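Multiple structures are listed underneath, in structure tokens.
In the two assemblies presented below, chain A is common to both, partnered first by chain B and then by chain C.
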Partner chain A sequence: MNRVVKAIDRFGRAKFIIAAFLFILLMIAPIYGVSRVSTINDVVLRFAMNGVLVLSMVPMIQSGCGLNFGIPLGLISGLLAEAIIMEYNWTGAAGFIAAMALGALIGAILGIFYGYLLNRIKGDEMVIATYVGYAIIYFMNMMWLGLPFKNPASVQGYAGEGLRVTISLDKYWSHVFDRWPSFQGEGLVLNIPEVVNGQQTVQNLRIPVGTILLFLLFCLLIWLFFRSKTGTAMTAVGSNADYARAAGININRMRQLSVVMSTSLAAVGMVIYGQSYGFAQYYTAPQFFMFPTVAAILLGGAVLTKATISNVLWGAFLFQAVLTMTPSIINSAIELDISEVIRMVVTNGLIVIALTRKVRKNG
Partner chain B sequence: MPLLEIKNVSKDFDGNVVLKNISFVLDEGKVLGLCGENGAGKSTLMNILFGMDVIHETGGFQGEVILDGESVSFKTPVEALNAGIGMVHQEFSLIPGFTAAENILLNREITKNNIVSSVLRSEKLKTVDMPAVFESAQQSIDALGIKLPAESVVSELPVGYKQFIEIAREINKDNVKLLILDEPTAVLTESEAETLLHSIRSIAARGISIIFISHRLREVIEACDQVIVMRDGLIVADYPTDEIGEHPIGKIASWMTGRTVGESVADEARDLTKEKKIILSVKNLWVDMPGESVENATFDVYEGEIFGIAGLAGQGKLGIPNGIMGIYPSTGEVIFNGEPHELNNPRKAQQNGFAFVSEDRRGVGLLLDEPISWNICFNAMQIQGLGIKKYLGIPFRHEPTMNEVADKYIDELQIRCTGPQQKVSNLSGGNQQKICLAKAFCMEPKILLVSEPTRGIDVGAKELVLDALRRYNKERGTTIVIVSSELEELRSIADRIAVVTEGMVFDILPPSTKSAYFGLLMSGEKIEGEVI
Partner chain C sequence: MVKKFDAKSFLRSMLVPILFLIVISFAIPLSGFTSSHLIKEVMTRLARDSFLAVALIIPILAGMGINFAISLGAMSAQIGVIMSQNWLIGEKIGGIGGLLVAALIALPIAIGLGYFAGSVMNKARGREMITSMILAFLVTGFYQFFVLFICGKVIPITNKEILLSRGYGIRNTIRLETAGAFDDLLMVKVKVPGLMRPIEFPFFTYILIALACIFVIWFKRTKLGQDFRSVGQSQRVANSAGLHVDQIRVQSVMISTVLAMFGQLIFLQSIGTMNVYSGTDQTSLFAAAAILVGGASVAKATIPNIFIGVALFHTMFIVMPNAGKALTGNPAIGEYFRSFISYGVVTLALVMHAWSRAKARDDERKRLRRDKTDAAEAAKKASAENTP
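Right after this comes the complex of A and B.
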């Protein structure tokens, strides 16, 4: 018994409970007429879509800047990049890659200022980051209306100016990497026979190979970075800033670098998300990424000053699984829409737990 | 009649004994002077008396405390207060925006009934009777013999007066029988200290007993009826003041520092000032380190020697290495190996061959959440590229090399651990300190600054750490500057010892100098020609 508890502790309790919960949901799905295959299909797709966003949390956590509630700064960089690339009518894989590159660039520039700000308010990063996050969303609400975009696909039809709330990426780069290696057609689709509601059906399991590989590539790059000399220094800054300073590390520069990396990655993550989703969402949409992304990496087992790639992978997977499985299965089961409640409890509960841990450590 | 009797009190922190069989008696209306170096056990003894949390959180104490004929064991400071013990701490616990009177009667305000409180019969809703509060406070202040209106706002008063207000608060309590004053004169000017000593006598005349803790031995002699000297957790002397005899200050100093017999510790001290060149020359160093500021320190260190820096807490000895290494802002002229040394730049200092073992082991010295190998190699990696391997021109960390280096030092310094991957937070204080040393050794420095290397570690580990330093100095000829509040430790390792008082190097002496003389210098007395 003790050994089981220890094994669970090593894996992480929160992770274990959620994983067990999801496993039970998956097991009981057929009883309520929900297809297991399509459930898994959704989870895999959303894992690939959100992965890089979760990954973008890592540099700032590692450097001691805490959970990046200012992620909207990166998200709007990605959105801006998408709008600009669409303006120049770049389509397909080329347009997608160009949007990622431009997004990363804009994110880096904003990250420099954001990092400068966070260096001036050491200790309160997360509070200020939340303000920055909300502020930039509403500031950009004005910008999306005012910026001189002209592409009919992206501006509001009746006015001829101002970006639409939701822009379809169909003619641009929606699903280009999902369908890799062919970049066209349907990509990798497995047809799996399954009995749903007593009827023999064939369910599609779509694997977004290209997007998953892209996500893993970014994971590899970040993993490598944290094995480099600079990455080691950044980790030390997060672990004990006084120690790092005594060792001659420029703490502020390391923190700023981590903020630039996080913001750039978030921009890239946003472009990837749009690619998989098929739409770019403007205006208040970035708001809905703040807490879920933070909660995802916490669910993966990250703490306020330590996050690993395995935290990212587990977090992205488990959190998206909660998000996709609870509406379909629980709602069918109890015929009551409590999925939103469960999401809220999981998302905000995880953040609260993480924040209380910080206080205990300091005190 | 004895007011306070301490019987065979012992206390250990996790097996680290800090008080051994302490017994003494304090009579009513008497003043007891308690002397001892840092770490002698004074504060622990006072914490026991006052029922501080640290005591019962760490397993309580052995022995008996008898107050007014009753055996007591306080669980909280509140119990101690109710039993009539008052304590004035070194740190001020006054509310700056309140008047002296409000501070003195805080939470004990004199109140009178009003309509609401009479109807609801509630103590909490009564009105504060300000005139009565001011009068009561004024009486207590006057009893101290200072001129201070009780209406003055605390934030506008000079530091010295705040100390008096704290004392006034304690004597204002009706039931106070025993007053503990912890270094009350440390922040006072000489004339203020004089006034305070006067008030101590007049408080005692009212039948209140006082325990007076001070490093200023002259004041202890002047104010106290009885002097107790503690060293290494033992009471080494307990005399009525007038029975100490001639040269009382010198005598107390020698009891404090200890080893009056057989001063053999300094046998190995070498005099390198003639044969070797100056490796580090510090001129007019100012360091802004909170609580340990250095003001105009000047000294030279010779190549290959072990240079000790001694001094009492707060006098600035810790600021010297921290300033030279650039941990705290500093100005001044430092010449290392004939070249000017750049201050306020830790990286440059380490590149030029400095290494530093910080006194703040857990705060500055270690990455507690990282493995041993990281802790040992980190500085050397970032500064000199140890354990770095380049792929495609990018420097990456090479774990096998780091583990190898860590293993070597684990072996050499006998660090008790499960391996180089163990997290440092799981190690004992002594082993953590050895890792700090390994971190510095690993950089192969030309000069090693070590600050309080044995603070908070047990006796066995102390010897290992000091031996490691001695060996390193002998084998490699590395110059070592060692700062410590334990004089005996310095005398056993250093070739020369500088005494730092009030931020300056007061004097530099060979370790064979009598410890009593060191004690005198440290308490700021320099009596030319006094023979001890």
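Right after this comes the complex of A and C.
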């Protein structure tokens, strides 16, 4: 018994409770006429879609800059890159990779300024990041309307200027990596027989192999980075700034580098999200990524000053599972549409819990 | 002790209001509004929004920064309004009576939520502002659950006008029975030479706001207010002086939440309709932006900051869509610009405060280092002189 409790503690209690809750939900799903296969299908798809966004939290948490509520800075870099590449009509995998690269570049440039700002306001990063995030979203709203994009696929039809709210990526790179390894057709689809509502059906389980591999590749790169000399120095800054200073580490440079990395990764994550979703969403859409992304890594077991790749993987998976499974199963079970309430309470509850946990004081 | 007038620090503290004045002075002519219309609008907004901004002062005094959780008070006010409209259906007790009943229902909720918010913020020392902000989002979730399901499923709603047609849950927007109850009580018309129409302003609401300001000024001078101030200056010193630091911080948030509750009632009766689900989303942003535009900082806010700020901020709010349209031909740009300015102003004020605090910390460290080297040199000199 004791050993079981210890094992749960090592895994993380909150994580365990949520995982058990989700497992029970999945078990009872057929009672309410919800297909298990299509539920799993949704969870896997969203895991691959959001993975890199969650990963983008890691560098800033590790360097002691806290939870990156300023993620919209990276998101708008990704969106801007997508619009520019579409303007030049690059399509397919080439366009997708070009959009990621350009997004990372724009993100890095913005990250330099953002990191400079965060270095001057140590201790108040999170609240200022939130407002920087909101401010940049509304600033870019003006830009989306005003920048001289001409591509008829991406500008508003009646006026001929100003980007659309949602741009379909169908003709560009929607699902290109999802469909890997074949790059065409439907990609890897498993047909699984299942009884739903008393009827024998065949459900599709689509696995976005390429996108998952891409996500794992980025995870591996970040994992390797934190084993390098620079990565270790960055972790040291986040764990104990005074020791880091005594060891001759340039704290501000490490923090700035972490901000650049986080913002670039967020830009790449946004492009990947668009690829999986099939649409690029402009205007106020980035707002809806701020808190859920932060909540995801916290659910994975990260704290304000420490985050690992395993936190990212678990967090992206469990959080998306909560968001997908609770509406479909709980709504059919209690016949109330409380998905929005659950989303708000889970997301913000996780962040409040993380903020009120005691953190070792540093620097 | 006479304070020396420091032009540089005065300019720095007034940087945001001055920037704002410049933006507005360009935008007003562009918007094409007549001055009588503009003055009337600003007078209405001053009555509508000042009380909510007053609610921010006491937590700032106690060193908690800006209490973004004043939305909790606003939510209690909205629950009070819903319940009073539900229970008072058919009763003839008039607008003021209806608002008082709403306040009575909302008061215990606001006190409870204020206590909760204060306790949570105490657990997040040094991160109070971001915590209060996320806490407001969290409680919004519970509030929506309450108005969407509890109202009608658990609490019987007899007033069909506020009930969704499906039988439970409150409608998206409801019309207030108590609309304009405070405002219309004593509408004063002032004839200003040079303007076509006389300017109307809701005098009774101004009296209420003045009472709130007098309360805050009086409160600062009481023993308790002094305790709040000393906690705000240094928790460590206040603690060793025997003050219950945690308790005082919770109390400051409770007072703020209750004031915000009254503020939201005034706001709602002035508008006349209530946005049940999204009505409290922007409460803290607009109140915070207003006092920061008025020259307040995260550590210091006074009554003049409120009135300067609300007037400037809401003038910007009124003229910007039209100014944006005149400038770019697209009214949406003006609206985005005003949202950008709202968030941008809060960002700028927070950055300036955090920046100066970080600089003070750095200077402190440098001084310590210099003092140490000075002392070492002096000791060296002294020992050199002593040895023949």
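In this section, the second predicted complex is superposed on the first by the 356 of 363 C-alpha atoms of A that agree within 3 Å, B and C clash if a C-alpha of one lies under 4 Å from a C-alpha of the other, contacts with A are read in each partner's own complex, and residues count from 1 in each chain.
Basically, a residue touches a chain if its C-beta (ideal position, glycine included) is under 8 Å from a C-beta of that chain, and two chains touch if they have at least 3 such contacts.
The shown structure was predicted, so the numbers you read here are calculated from the model rather than taken from an experiment.
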item	value
Three-chain arrangement built on chain A, chain B and chain C clash or fit	clash
Contacts of A:I329 with chain B and chain C, given as first, second, both or neither	neither
Touching partner for A:T305 - first (chain B), second (chain C), both, neither	first
First, second, both or neither for A:A233, with chain B first and chain C second	first
Touched partner set for A:N348, first chain B, second chain C, both or neither	second
First (chain B), second (chain C), both or neither touched by A:Y131	second
Partner chain(s) touched by A:R245 [first = chain B, second = chain C, both, neither]	first
Which of chain B and chain C A:I338 touches, first, second, both or neither	second
In the superposition, chain B vs chain C on chain A residues touched	C
Touching residues (chain side chain A, partner chain B) in the complex	224, 227-233, 235-236, 239-240, 242-243, 245-249, 305-306
Residue numbers on chain B that touch chain A, as the complex places them	325, 327, 345-351, 356, 358, 360, 363-370, 374, 378-379, 381-383, 385, 388, 394-397
In the complex with chain A, residue positions of chain C that touch it	65, 120, 123-124, 126-127, 129-131, 133-135, 137-138, 140-142, 144-145, 148-149, 328, 330, 332-333, 336-337, 339-340, 343-344, 346-347, 350-351, 353-355, 357-358
For the chain A and chain C complex, residues of the former touching the latter	69, 117, 120-124, 126-128, 130-132, 134-135, 138-139, 141-142, 145-146, 162, 291, 336, 338, 340-341, 343-345, 347-349, 351-352, 355-356
